[in-house]
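Consider the two complexes below, in which subunit A is the common component and subunit B and subunit C are the respective partners.
What follows is the complex of A and B.
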């Protein structure tokens, strides 16, 4: 009767998911330590170093916050879109578009920071929205799959950034490669090198969670995502809601680009999106559709990224770091799936129950 | 009832196909099954009867390995069995056709038949699969079109595919969960003929149904569940419908003439609330699905719509609730023209709608009970004020609706799909009645409900009528229609054949009209 010991539940309780994810992370850390030990690295020294340079020191924490900031926004962008049942795979492109628009405003206009920063913020949001406009309209009016359209626009945005940073907007002052000159204004710093974009991003994510759960609009989005036919039945203008959600999603990713360019990097650079847009999808998947969960998910992702950079300084190649990231996410996915299983009372054989 | 002895006709010494001993299955806060014993013998059709939520579907899911029981054992051909997956039950010869079909809509019939079948040829071209499907279909006497896509099939055709899927895998025990709920009378007849042929080969059938007449017609024995426990097993020959109904509900059912108004009830309003004038609808393929329908709805009156399903009832419902645009004709609400099909407009005007397929169109199955109960009232206070959504007020509303609908809900935050189909139906009905201040359009509101719940549902409709609401009641059950309707319209091929006075209507006339024959003396499209 061994096979009868477990039963699959249709939906897993949040507590079990959390517990199993922690187990998954700890297990992957052990695996990583084992592999590192076999390849001649000392896991203890490495762990000590990683901890000191992330959670264990002020500089580490500052770096973490800077990684988290764009991940919070791109993660929220993908999550919001997912609420109405759509996948925005284009946060990367919208991130670039926001960064480009903000840079354009900063380089083209002149004025004090107090005027220029709000203008750049609006430009960044509009840039992201503009980048998702075509996929949005195609989805709403022609039913074109948004996954393909948003994804393809990423490459265009990325190449456009290379073109601008090596062409018309290239740095003519200090001659930096694939980069514009330093922007005349920057988002003020609030704690070390952490700029005000970080708390703003946190507030935005919390605000979004409230909007989705506490407003009519949020309610309509949730219904539309869960069953479009029921939404139509209830008189919800589904098409308009799709348009508003997708534009919001693009705007959030665009804002991430603006924060990055005006707060962290201070220049528009080719390749500067650093996969933050794609990692936003990972963050959203980890957050399982809840905006509030985006915060811990972004923190985890930032920790992985940050640890990876530390390890690269220890002669571990970038692909090893990528493999480690993959392993952790893979184990978490297994944990999530296992959370659906529950031992059947009384019949669980000895030694097999988890 | 001696459990061990085989019923007449079974050779002595033959073990039952299926024996259940003390089956118990629990969900959080619900005892779905407890102490259930059941024997099913080869060569019998065994009906499983019970009110909504009695635990019939759950019990069958236990038998087919979808759920694992917490208590008790399953014995097949005399040997104890524990299924951990539906595939194991199928391998053991138990096949189930579910209440909600489990076919892949985008696949063809042949592909669905071969899906997940270990005997499917390794390299299967569509032609090979279609040929095999044709062969299987002929062998078992269920005609299907192997190359048709499932999404293009009617409910009856889809069911045939489901049954073939099961039979092709050599099922000896076929379990059918409310198979006739979605069928037209002719399709039901065909199904029953096929089931009898299946029985004649020494196989067994368990059929879940609410329709007592059908149980009497098709089954050899009946087992009745109430509150998750088995009340008893009877030879159908010793039963009659009213005794079955009483055992099932545990109390006696009184049928009242529901057309009579109590004192103080609102009279029939002289001016119509809603009018259709020569309304026609064409579908995407240009086929006219609703033809030149004219009709007046008066407050304080129930208009019954009879007809075999699929003759334009769906389109009529959708036009009456703003879900579908008309291609020609006029719709008037309170005497003024409605220029666009917008469901929100109809909700605001006080038009409630209990749709035919509640799970697909009236509920968001993955969202909570509370969220679903707010679907009609979220834009208005107390839930919606200043563009906000007050989750607490929604919770209060959900509790109110559940109490009125007499559905006990352990947890309002759980997904509504966890509730049984009948309970979902009651909740939707109550939700819609709350907002139906002028008109209620109820499409098959009694479908899938047990006798007790049907009586309650019809009571809801007459209560609304007495409050002065115009009720459109679409049903296949002529008895229900004649019980409550003031006027009855009959639909055939998209046309409203005739609207007749229920008082004067007789089954024969309606039967003729349902078959498309215009009975003499009735006025086509009459609007009184």
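What follows is the complex of A and C.
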């Protein structure tokens, strides 16, 4: 066995995690640049183009905010679930369920926007909650792995959206494919094309951070996640907390769907979730369990998505973005683990202990 | 009625083969204590590289081989993160799925929608293929059916439960510290079985495009990797049961085909939901109905836990 030059700490210092994550992201960017160069694209020209069309222009900034809005909420959805140690991989499906419920309310009811929008909001939240109910109960009462049950429901939600937008709710006015007609009401815009859902999402994320850190409920959730046995011993009703957290998580993702359908897309469309649910997982991982960190994490993810649009104009498939996200996620997962290691004084650094 | 049953079973066997291969690979990985959530992405990579290969080299065997190698490479990359670097297995797995889905779409851009150049043809085994109902399903389809449903599961079952190596392998998944103390190379065992599992996910993808759905399109794996993961849990991490449950799932898929072919008064979108709904029911209902199931079908004790020799 090699000399032990490194020691693993049970928890990693935040500074080292940040440093290693920067290394991970830079390394990923180098790999991406290398692949782009090999496939005949100039990485420098592309990077210049990406920066100018995202942070460097008013339209770019507006797009960023529109991408951030759903990512803030799906990121928060995965984060709150993670607080109690569970993975909600089904934010994509809950997003669709929220969008479907909100659309149903908008198409089925009539009234002024001031009445209809709150009703749609509630419908969206309830839709998301309904979509996570079965995985929640299965987890809480039978211990069924929530990763797989939440994920499977994504496919069902996507098929249901397809059915509604090509069947009973299809657009009979303009004949758009896989889409409903334009909704009668929309969330008002506040800055260019950015609607009020964006500031509301930020406020919700900050509010969640306060609830999780300052209330008894938040404390019990955190203890339940850190050590379920100890929590049970201390009299915390862990099962009930699991149920409330998972429903909250589904509601947040459902709200993201409502905001997207009522603020950005204005119609229920097949494929409108745009991977926001899956990318919410990445946002939550970047945020490391803190709701406040969800804001910069969603910004970073929105930047990556926004640059995907630029890449499409350069004959690169939009799916490249998903691959890039995967690479960054992989590198960060490794970086976070490496941050746990500390060099031990007195031994020659001969690489990591095995 | 017999014709309907025969047709359904044939479709079930064909469709279930994808799941059987991927799920058997995942059984290997999970038995040594590693959950690979990257199966879906590796299947997509296998499916697209098989299509690309046969368009250059007109042999389905070469296509299948390349799909397996690509899956193995992807599995190795996942294992580097999740086993060697001991990073979070859920994250590494999701990252692998993202990379696999994204890369496969980018690679397959020029091949989307075109029929696959060469596929595995039908091979009829004399005598056996004339057995009513099961004959056409098992012995008159492509040549991979018997290896997938009989040879591979039997081999894995034998190695896992009848050899010393299999005992060691299960020990690594149940108690890596004890296995390590007994001199079993924990890390090597995990690394190579995860790689093998990845190779089988790649093969499953290749099987998908070279036999069952001979055309590449984005999103064609359609959650089959996740269904395979669910089957592993449902089957209690047992190779023979996992293969049988893949066949059962093939039947659910076949049911939705039969429904569409016979114009049942149900929208195809709902029939297409059947495999996902079925999977949900399969992993929830048994545990609820029969509580002891949880212990009988329990996961390996050290599943998803990285092994550190110096941290207890």
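As a working rule, the second predicted complex is superposed on the first by the 326 of 354 C-alpha atoms of A that agree within 3 Å, B and C clash if a C-alpha of one lies under 4 Å from a C-alpha of the other, contacts with A are read in each partner's own complex, and residues count from 1 in each chain.
The criterion applied here is as follows: contacts are C-beta pairs under 8 Å (C-beta built on N, C-alpha and C of every residue); 3 or more make two chains touch, one makes a residue touch a chain.
Given the structure is predicted, the values throughout are model-derived calculations rather than measurements.
**Student:** Applying the document's definition of touch, where does A:144 land relative to subunit B and subunit C: first, second, both, or neither?
**Tutor:** Only subunit C; A:144 stays clear of subunit B.
**Student:** For the overlaid complexes, name the partner, subunit B or subunit C, with more touching residues on subunit A.
**Tutor:** C
**Student:** Have a look at where A:109 lands relative to subunit B and subunit C in the superposition and call it first, second, both or neither.
**Tutor:** After superposition on chain A, A:109 lies in contact with neither partner.
**Student:** State whether A:160 touches subunit B only (first), subunit C only (second), both chains, or neither.
**Tutor:** second
**Student:** Regarding the shared-chain residue A:320, is it in contact with subunit B (first), subunit C (second), both, or neither?
**Tutor:** second
**Student:** By the touch definition at the top of the document, which applies to A:226: first (subunit B), second (subunit C), both, or neither?
**Tutor:** Only subunit B; A:226 stays clear of subunit C.
**Student:** Name the contact category of A:55: first (subunit B only), second (subunit C only), both, or neither.
**Tutor:** neither
**Student:** Please work out whether A:337 is in contact with subunit B alone, subunit C alone, both, or neither, and reply first, second, both or neither.
**Tutor:** It touches subunit C, and subunit B stays clear.
**Student:** Please work out whether A:190 is in contact with subunit B alone, subunit C alone, both, or neither, and reply first, second, both or neither.
**Tutor:** neither
**Student:** Once the two structures are fitted together, what part of subunit A is touched by subunit B and by subunit C alike?
**Tutor:** 4, 7, 10
**Student:** Which residues of subunit A touch subunit B in the complex?
**Tutor:** Interface residues on the subunit A side: 1, 3-4, 7, 10-11, 213-219, 222-223, 226-227, 229-237, 344-346.
**Student:** Under the definition above, what is the set of subunit A residues touching subunit C in their complex?
**Tutor:** Those residues of subunit A that touch subunit C are 4, 7-8, 10, 87, 89, 134, 138, 141-145, 147-149, 151-156, 159-160, 162-163, 166-167, 278, 281, 285, 316-317, 319-327, 329-330, 332-334, 336-338, 353-354.
**Student:** Please name which positions on subunit C make contact with subunit A in the complex.
**Tutor:** Subunit C reaches subunit A through residues 37, 41, 77, 81, 85-88, 90-92, 94-103, 105-106, 109, 187, 218, 222-223, 226-227, 229-230, 233, 267, 269-270, 272-273, 276-277, 279-280, 283-284, 287-288, 294, 306, 308-311.
**Student:** How about subunit B: which of its residues touch subunit A in the complex?
**Tutor:** 67-68, 70, 82, 84, 322-323, 342-347, 353, 355, 360-367, 371, 374-376, 378-379, 384, 387-391, 415, 418
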